[in-house]
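Residue numbering begins at 1 within each chain, and the chains themselves are lettered A, B, C, D and E in the order written.
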Amino acid sequence: MDIGTVIGLIWGTVVFAIAIWLGGAGFMAYYDLPSVFIVFGGLVAVVVTKWPFGTTIGTFRASLKAMFFVPPTYSSTIEQMIVLAEKARRESIFALEKVEIADPFIKKACNLAADNRPPEVINSILTMDMDSSEERHKAVLTVLGAIAEDAPAMGMIGTLVGLVAMLQNLSDPSAIGPGMAVAILTTFYGAMIANIYAVPIQKKLEVRSNEEKKNTIIIITGILGIVAGENPRLIREKLESFLTPSERKKEGAEEEAPKKV
Amino acid sequence: MDIGTVIGLIWGTVVFAIAIWLGGAGFMAYYDLPSVFIVFGGLVAVVVTKWPFGTTIGTFRASLKAMFFVPPTYSSTIEQMIVLAEKARRESIFALEKVEIADPFIKKACNLAADNRPPEVINSILTMDMDSSEERHKAVLTVLGAIAEDAPAMGMIGTLVGLVAMLQNLSDPSAIGPGMAVAILTTFYGAMIANIYAVPIQKKLEVRSNEEKKNTIIIITGILGIVAGENPRLIREKLESFLTPSERKKEGAEEEAPKKV
Amino acid sequence: MDIGTVIGLIWGTVVFAIAIWLGGAGFMAYYDLPSVFIVFGGLVAVVVTKWPFGTTIGTFRASLKAMFFVPPTYSSTIEQMIVLAEKARRESIFALEKVEIADPFIKKACNLAADNRPPEVINSILTMDMDSSEERHKAVLTVLGAIAEDAPAMGMIGTLVGLVAMLQNLSDPSAIGPGMAVAILTTFYGAMIANIYAVPIQKKLEVRSNEEKKNTIIIITGILGIVAGENPRLIREKLESFLTPSERKKEGAEEEAPKKV
Amino acid sequence: MDIGTVIGLIWGTVVFAIAIWLGGAGFMAYYDLPSVFIVFGGLVAVVVTKWPFGTTIGTFRASLKAMFFVPPTYSSTIEQMIVLAEKARRESIFALEKVEIADPFIKKACNLAADNRPPEVINSILTMDMDSSEERHKAVLTVLGAIAEDAPAMGMIGTLVGLVAMLQNLSDPSAIGPGMAVAILTTFYGAMIANIYAVPIQKKLEVRSNEEKKNTIIIITGILGIVAGENPRLIREKLESFLTPSERKKEGAEEEAPKKV
Amino acid sequence: MDIGTVIGLIWGTVVFAIAIWLGGAGFMAYYDLPSVFIVFGGLVAVVVTKWPFGTTIGTFRASLKAMFFVPPTYSSTIEQMIVLAEKARRESIFALEKVEIADPFIKKACNLAADNRPPEVINSILTMDMDSSEERHKAVLTVLGAIAEDAPAMGMIGTLVGLVAMLQNLSDPSAIGPGMAVAILTTFYGAMIANIYAVPIQKKLEVRSNEEKKNTIIIITGILGIVAGENPRLIREKLESFLTPSERKKEGAEEEAPKKV
């Protein structure tokens, strides 16, 4: 559960809810079903035209998963790989099959190693999985980026529609204000979707996708070292070389506790 | 028939038709012949100035074809090539001439193979066809991209023309609203053309062009393998290596049924 | 005479003339000498500051020539070179001096060949001419691109000047409308210059410059083949290899007639 | 203490304070708690969603330090390294341990040299420190860049919220002006944050980060020369080759005085 | 004295002075001390925050010099170098010391040659001077580019300040117009600074910086040829190879007269 994303998105919504409440016009002044319909309906039309249907559905599912899933820290992944390496050394590589591991990717890597598959096969199967996952994330980033551009465009078109309607009927002065307010709402919805939701989620997904990829590379390197029967000490050195200096430092501080994992 | 593109474009139009209906000013408030004339007339002027006439016509014809044409899935193309490879193995390469195939590009490849042309000639003729097709698609993408930029520009100029006309005559207050409404219409038309039609169609064409190219490369690789008398098994392996991991997975699931094609 | 450019520019002007006429405020409402003076005067100031004076004049002369000049089709250029190659074969290379050719670049190439100059000298002299011409076109493209950016900027500054003047005198309500209309005119002029004239002309020049360069390369390759005494058949093959597949196809269809050129 | 940054930021604030005072509407007209809340609350929401929490806090701490810290001039760094080189020559490399140096990075380099560590180890440890520092600066630049984009976006959304509230209640004409003024305030806050604070600080940090990196490279090169027992003259020549010609000239002028450091 | 730059900048100012005069509101309507203060004060704040103080001063001095200084034409530089080469040939290389030359860079090159310095030293000293000069120009281009972006931003913030002040006091209708006019003035000042002054000067400086660099390279190549005792004819050929074909042609036409320089 990526608490930062959830808090950020809820807080962003709350900020503008409070702003509306402080504005004193009441929440209903900011709700207009036709305006909601224009922005969301238009967005759906554009997304459906731009991308094949299956892709769109698939990317949103992946997006939700990635949003709420926090990848393990690199140091905890390294510690897990070292524990496995020590177990494989003490007992045998076939012992990896019975290890209980929550991470399905490490589990898969262990099974492949315990099946005594050749290193090239293990490498290519796990790399394919990694590429496939990265590919799905990239598709989501592209769709979210397009939504961040299209939402304000739909909002602007909706405002033009509303303005034309309002301008047709200026005879009743008391209707001008509310008419214009409604016209502005689509622009407001479009700006909220783009700036409070689509762009920040896209940014966080990019960060997470990069972290997940690095984590996967650490696991693949680790399991290949285990299969090759390398010394756990050497494996640790190899895996830590993937970390940038600042990551290494932070982990140095935490190393005492998690080492017993 | 690319159902997604058709649904997306129709739905985009319907969304704003409903929005106009809900706005209550009536459809006629959004129709103004001079405004239509300004945006479309201006667009034609800009396109005719920018590109040679023949190119423009040709690209629009190609665009329509590409929009409504869904390229076959990679897996069905691979299966077709395997069926051909098996036929050429069992009977002889000359048997490819009499095979009934809907895809004109595969048909052409078969004829070239049955004519016993050398592999280099087959390769260069088919590659030329592929390049020529990609080239036409690229020209369409460029023209559509320019329309997506020019349509809002024409809309803005039209609105300036309308504003000047309206401002000249402020003595009749009841004419101000409708005058301004008409002035805004060109901006509305320009934004619709760019955001609901030109950009989404351009995006979909780009996706389709890439798919078609990949499909063509699969066919060329397949026919060259057939001509070289390679084992159908080997050909399948070669062709599947063009797929990304996620495409391969999806196809693994579908493989049972289409194999009998 | 590039009929497409001329029609496009005239049509673009006519579209907005009709739009103004339909607007009903009369043409004089869109003509304001000070506004014309601001946009054009400002543009001149910016262009004179940005580029040396001689360059600006030179580029505009080249621009006019390039706009109204349609380069010959590649196929007709190839046919001309083949005719020359056959003549040089049948008679002698010195016969090229007396050939009557409209294209001054081919004429120059023929004279150099007939003068019995070494191939390297012919190549370097003709390549220099080509580079010099391309260079001039690039300068024009840069200046036109800057005008397309500066014209709307001048229009906006002019509108600010007009708005300040209008706002100083709100006591006479009947003057507000026309005052604001005049203020908007500079923005209108700036947008017209940029979107209807500068950008489309720039685009067409880019297309023409690329065509001219390719034509020149065909001529240089041809004359070098002739000087080397190559077979006309071989020369044709060489020259046609410069064409993309789709150009070659189109030419295949036209080949019957023009071959007798 | 980077006096330029401090003066620039205070002066930027003072300019607009004076502008507000001259405007005559009083400072309170520019202060609206809900508007402040919208812009800052929205910014926090977006930043928290986009980046992991720890990173954000860490980058702001680094940002403050970098803003108020002026890196030493290259020439003073070079002089310090020469003094150290002469001391190491006259006494011994172990004498570097007892030297009193304010700069912690030079101090660390001296200690490593006095510990008689091999040059590769000294190099890799110091380079890691440099990379780690640069990395932290880059993260700050990214966050500041995002704030410079998000602040105006939050301001615009806030203005839309305010406009809708104001338009709902046009019956009291005397409330229209202040209502609109308040709506505009969020745009004003967003523009101030982006243009007066975020972008200029980002730019200065970029300059400082580059200067610090160059300084670090000079120190590393110097200490490696000292460890290798090179002649101080040669070390000076090496270090000065890192300077661009203009930096060298300026330093030539100052060389008389600081040489006795 | 770069007459084009001076005329362009004065003309740009005159155009808008005439526009203001034609507008009929009087020059004083466009002058507002607080508005001037906001735009210039804000610009100073931003520039001081972004760049170290010394750099800013230095770049503006260099900018003024570069603006009013027209680099000599390449052909006159080449003729000067040929005259020097012939003198060095007829008399001796030491004769270059007593030659009277206005250009300080050629003078420096002559002195270095007459001092009998080795070619590598001459080359590195002169190249350093060239790099140092280019570096200063680049800094100016960056600062001018930032001003072209910051001036409109300051103008917009100033307009927001003015609008809020005006909106607070709508009770006196006769004050609305002038209040709004004053608010718009900062935007007007910002647009003038960016589009009429900063961007065109930046562009011209870029052109001049490139010309000066090319000129310097011609001089360095020439003096190295002279030091190596090469034939003046060969030196001329070498130097002219730096010119593009069109520059060579123009110079061919002028060659008769200046040859006697």
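Here, contacts are C-beta pairs under 8 Å (C-beta built on N, C-alpha and C of every residue); 3 or more make two chains touch, one makes a residue touch a chain.
Owing to the predicted nature of the structure, the values given are computational and were not obtained by experimental measurement.
Any chain touching subunit C that also touches subunit D appears here: E. Looking at which positions face the partner, subunit C and subunit E present mostly different ones, since fewer than half of the interface numbers are shared.
Inter-chain centre distance (subunit A to subunit C, centres taken as mean C-alpha positions): 49 Å.
Here the CA centre of subunit D is 30 Å from the CA centre of subunit E. Within subunit E, no positions touching two or more other chains are listed. Beginning with subunit D and heading toward subunit E, the contact ring passes through the chains as D, E, C, B, A.
Interface residues of subunit B, counted against subunit A in their complex, comprise 4-5, 7-9, 11-12, 15-16, 18-20, 22-25, 29-30, 173-174, 176-178, 180-181, 184-185, 187-188, 191-192, 195-196, 199-201, 203-204, 207, 244-246, 249.
The touching residues of subunit D, counted against subunit A in their complex, run 34, 37-38, 41-42, 44-53, 128-129, 131-132, 135-136, 146, 150, 153-154, 156-158, 160-165, 167-171.
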